[in-house]
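Naming follows writing order (A, B, C and D), and every chain is counted from residue 1.
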Amino acid sequence: MDLLEMFNAMPFSDLLGIEMCEIGDGRAVGTLELSERHSSRPGRLIAHGGVAYALADTVGGAAAISVSETVTPTIDMRIDYLAPATGGTLRAEGEVIRIGNTVATVDVIVTDDETTIATARGTYKSSGGEGESAWRGESNA
Amino acid sequence: MDLLEMFNAMPFSDLLGIEMCEIGDGRAVGTLELSERHSSRPGRLIAHGGVAYALADTVGGAAAISVSETVTPTIDMRIDYLAPATGGTLRAEGEVIRIGNTVATVDVIVTDDETTIATARGTYKSSGGEGESAWRGESNA
Amino acid sequence: MDLLEMFNAMPFSDLLGIEMCEIGDGRAVGTLELSERHSSRPGRLIAHGGVAYALADTVGGAAAISVSETVTPTIDMRIDYLAPATGGTLRAEGEVIRIGNTVATVDVIVTDDETTIATARGTYKSSGGEGESAWRGESNA
Amino acid sequence: MDLLEMFNAMPFSDLLGIEMCEIGDGRAVGTLELSERHSSRPGRLIAHGGVAYALADTVGGAAAISVSETVTPTIDMRIDYLAPATGGTLRAEGEVIRIGNTVATVDVIVTDDETTIATARGTYKSSGGEGESAWRGESNA
């Protein structure tokens, strides 16, 4: 299974309608067609902040995995909202801006058909995954 | 309609299964019962990072609105993941740590039945909402 | 007194050697010549993380003030370190990516003569300053 | 040389007047006596945002190093300003909230004699330092 298939098989992405389009060379692109289920208001479409975030986090992880070739859980992410998303198709583009031996730093920009909706910056684990969770064998303080 | 009803009527919260339990005095609590639809893996339950984020953002906004008494869109939020969420019920508790005349700063802690899953800190708009979006009448640079 | 003079008269900038070069139209540039006093190690020059941050925060505030025309205190800022700064001149360039009626979002990139040292993103207050502190008349929760 | 001596020998801490008081068991405390050199205004004392940040980053790194026992460079940090610092002594207390095999997450609270001035949350490298910089042998994308 290649990376695109892997990302498009995620149940949560399916629930939200996230579709990954490109993954490779430290870069990834994904889209999400907005509909009323994404709204934070009954009867109108103003996307919940979690929609752009979920898209950004997914695309950021895909960009990271394309260069680290291992599972890359998100360590932390900041998102800044620049404009409300009220319809159409969201598109997120992620790019690895630094890949180290333990973490990767990724920038993501989320746009709709016209405007920049949000920008996000995240730190992803780039090694030590060993199996299904990068947290395996780690303990919380 | 009171705040709890308003938050529990959000279509996106309904899609994810977010249930708000308490909102008041700069504090809010919400829960989310994890199931396979929240997973980032087919066939097993390891919650996508967007799940804890969406819960944290919702609870943070509820805490902010309880003191600002106006619509409080998220300006920015950072989330740090401390442990994977693999089942049971997520519970997020948000608390306003500063309320100013234009923005509120909110801390959120997300736990499952045993562990701290994530912590988040966000800046929310606390005035100037004027209707359905706080961004109304604003322009992007 | 114009903006450049105002920023270059800051005592803390003077202590660190920050020199503002350009401020205008939502954009600002500042530099800092590294020397041993900026180091986190005795006897060698590896700049303390606070050096790139102080430069980034100053330049970000200058970019914000150039469009808001009022005092613009930092509400929050995130900085990501991409490479160690070990000598030469740091240069930071800030750009307002969103200006609203209450807050501005600013991106800053810090480089040395060769590499990107750090990137930062901050939220600044863009109104309500009323005098010397934007926090005046506000209370903490 | 023990950790307290190591941190108190940092040239940049000396420049700013940071004094580390306690380091151990995932916790650290440091102080900084404010004076006019820390100000962002000539003739009055309103501390530059870089002052609380530099103190928070130093204390956070000290808390991280106390559990990882290796050099722990900052990967990223977010700071939220809650009140202006206008005099007296700043005190920062840092606590590791998660230590993993590659990164540590640290919370820091900065107070003055009366109020919470700022809160910060950072991700520090907790392994792979190999000598004087954790970035050694790593390449930027």
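Keep this in mind: a contact is a pair of C-beta atoms (placed from the backbone, for glycine too) under 8 Å apart; a residue touches a chain by one contact, two chains touch by 3 or more.
Please read all numbers here as calculations on a predicted model, not as lab measurements.
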Problem set entry | Which of A-D and A-B has more C-beta contact pairs | A-B
Exercise. Where does the A-C interface recur among B-C, C-D or B-D, taking recurrence as more than half of the contact pairs being identical by residue number?
Worked result: B-D
Exercise. Just curious, how far off is chain D from chain A if you go by their C-alpha centres, in Å?
Worked result: 30
For this session: Please work out the Cα centroid separation of chain A and chain B, and write it as a whole number of Å.
Result: 18
For this session: Name the residues of chain B that each touch 2 or more other chains.
Result: 75-76, 78, 80, 82-83, 97-98, 105, 116, 121, 123, 135, 140
For this session: Would you mind writing out the residues of chain A in touch with chain D in their complex?
Result: 26, 67, 75-76, 78, 96-105, 121, 123, 125, 127-128, 135, 137-141
For this session: Using the touch definition up top, name the residues of chain D that touch chain B in the complex.
Result: 78, 80, 82-83, 97-98, 105, 107, 116, 119, 121, 123
Exercise. For chain B, which residues are in contact with chain A within the complex?
Worked result: 9-16, 36-42, 44, 46-51, 53-54, 57-58, 61, 73-84, 115-116, 132-133, 135, 140
